[in-house]
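Think of it as A, B, C, D, E and F in the order they're written, each chain with its own count starting at 1.
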């Protein structure tokens, strides 16, 4: 097993996927932001009533999935066919979980798009709540699922 | 204390900073990616010899600090005056830590720029190593330090 | 009939078009800017002689059709295969009409690309002429025609 | 009075504002989209309950004000200090009005930013409702107010 | 003398200019594209009559000066205050010369903006003429002049 | 033979490629930057030891190939499937040569992507070394090879 993003001389490259087949591919990623009880309450209230933090974060995350190839240097440009962000309020731990699902009919997968969508959605929550609390922490960002493509399906708990 | 990114009707806004003073501001943020022993070895080797994962991730992170206002919907456009990413290899836990420092002479701070730089640098490491391991996890992303501006200095352990 | 850009919980999504067929699609949109007689004369003269307002606006409109998915949050990324802007000088009403035609071989249509091309072309005319007249008005922006895709062809007068 | 966006040979230029003073400037622009009664009802319901069309359009409009200099070829890059979009539901005419307010401490004004914010907010409404109605029309886009800068204040009804 | 874009460990950085003074700075760069006699005639005809190659290339070059910090990884974000591209037809050598002038009131200079404007203007000429001739060559891209800033003025023949 | 980027009225257009076949296409372009002996030594040392100028320039060039359609007004948006930059140190002439190879499965070729990748890679070298020498010159940018597509293969020495 080797890092595919380098050629034999060790130079960074965008991997050649020209010969690969176009297939339907999906990736799901998730992550969390740990907030203070005050911020948690604001997000819950806001979503119900006014000041919709999650609504803005969702739009930011979806738009970021479309910017992935501009952010991650060796990522391919992919015409993604679905992008979706779900949030779950984890009341016991004062966390918000973001789950991003991306699909494409393409020659390579959309793991990076899903991970980027999660990251930017969580950063947006941080931005909108930082006037109350600057000690929030973003973590547990990982791939949950990947289907389609030659390397087969992957499910990660 | 209130969410400042909403007006009285609860609508999302970019906060008005027109009347604020231009001062020198700095923010430092950090985060980590947990990788497998194989990936860890590849990164260490690569940095010493060939296939410079961290070099590419550093460039990606610095460029991302300049894209922050395009990614985070309510962030101000700031002409940042310094952007830097450091990596530390944490051998005991098979983690790579990224630390991003951003400075600006501006009317508002650069916390989001530093956090975005860290996030994109870590996502780039994920991208470059995912052919070997798709179970890497990004976490512990938080603000470390913020200086300048009216709200005073903050240091977070 | 329902808003397709929301899921069952009411959350904004980029609609899943993975299963749709790739077909040739075209959209035509138009719009107008109403200017003062002085501005109208400048545009006509400029086009004939020097100071080519419409030439710059045409380039801006074409480039904007390629930026559509970065501007409209839930729009798909589409590799458009044709983009064209025509202008008509409407001398009786001191208006400039912009008509934008976009084509794609893709899984969804290019209505938003055509409407965005028209809007940015007209905004560019405003920008270039605003030193003379700030009371110009942009209006009548609508879809004229849409062909290809499952929902059938549409012609709007 | 002359088109300032051309030099003496008639070539398009970005006007030199180097010598101008930095002052606080504000611009307000507005525009409308005319929709069908069904779409109008969906937007009203969505805002109250689920499927928040205006929430997404507001984020799109604010983000677009930050992209103005990338869209309008001869516009200056401005570090805008406030950006805000308000919507008014005009029940008698089945219209949605968007009003965008932008501020900057800068060497030139933000009229184009306000007009671009309005345009993209209205285009986003079109996008989100076009599954129900493709005959919506965007119009009445104009500058309402401009303050600050040497050319003095302007109020347009 | 040292490469300033690296820190003491050899890592790439965006140089810290926070403490530098804001002064008026200007840079002029130029470059050439060598074309076939047929292309040369098309460009001359086009400019006079129709098919304005240089008009499109000028807009592309000006817009590129605003994108410089997104293209060149360690470049600062600068709110440029003037951007201009001139072309000269060099009939004896079948060359088109592009000259780009950029100004800013900022903490660092605009050499890269001027060089990027020239490069993209010339690439655009290539693009528009490549259906006739693919053997065109772009060269002689260099800085001509730089004024303002602590390092003093430079004139290069 | 005619300029294809204009319609019959002489207006700039993005050429319609809707009816063309999707085929595998490749383009290779190259160019050079002439530097001073001091800069040449720094680049050679840097690559071996620290301060990796070429590593940063390679990332910049690869990322630029993905931005081509945003920079060159009439270029199509292409989902490129490979992007690679090689550098050669030409010790006798104190030049660095950049060679960019781009591939796509698409309806039109990637010559502009390869030329843009070369240009931005060389501009990045200029940027990173300009603290030592501002008299560097970029030149000899040309297409080397183009394969795939109806117009046949081309090899240019």
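Keep in mind that, in the parts below, contacts are C-beta pairs under 8 Å (C-beta built on N, C-alpha and C of every residue); 3 or more make two chains touch, one makes a residue touch a chain.
Keep in mind the model is a prediction, meaning the values are calculated, not measured.
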Joint neighbours of chain F and chain B, given as chain labels: A, E
Least step count from chain C to chain D, where 1 means the two chains touch: 1
Remotest chain, chain D as reference, centres from CA atoms: F
Copies chain D and chain E touch via same or different residues, half shared test: different
Taking each chain's C-alpha mean as its centre, the one farthest from chain B: C
Length of the line joining the C-alpha centres of chain C and chain E, rounded to whole Å: 30
Between chain D and chain B, distance of the C-alpha-averaged centres to the nearest whole Å: 31
CA centroid of chain E to CA centroid of chain F, Å: 16
Sequence positions of chain D contacting 2 or more other chains: 12, 52, 55-56, 59-60, 63, 67, 70, 73-74, 78-79
Touching pairs among all chains present in the structure: A-B, A-C, A-D, A-F, B-D, B-E, B-F, C-D, C-E, C-F, D-E, E-F
Parts of chain F lying in touch with chain C, wherever the complex brings them together: 7, 11-20, 69-70, 73-74, 76-79, 106-107
Chain E to chain D touching residues, read off their complex: 24, 55, 58-59, 62-63, 65-67, 78-86, 103-105
Residue ranges of chain E touching chain C (in the complex, touch as defined): 52, 55-56, 59-60, 63
Chain C partner contacts - residues on chain D that touch it in the complex: 1-6, 9-10, 12, 31, 38, 42, 46, 49-53, 55-56, 59-60, 63-64, 67, 70-75, 111-112, 115-116, 119-120, 123-124, 126-132, 134-143, 146, 154, 156
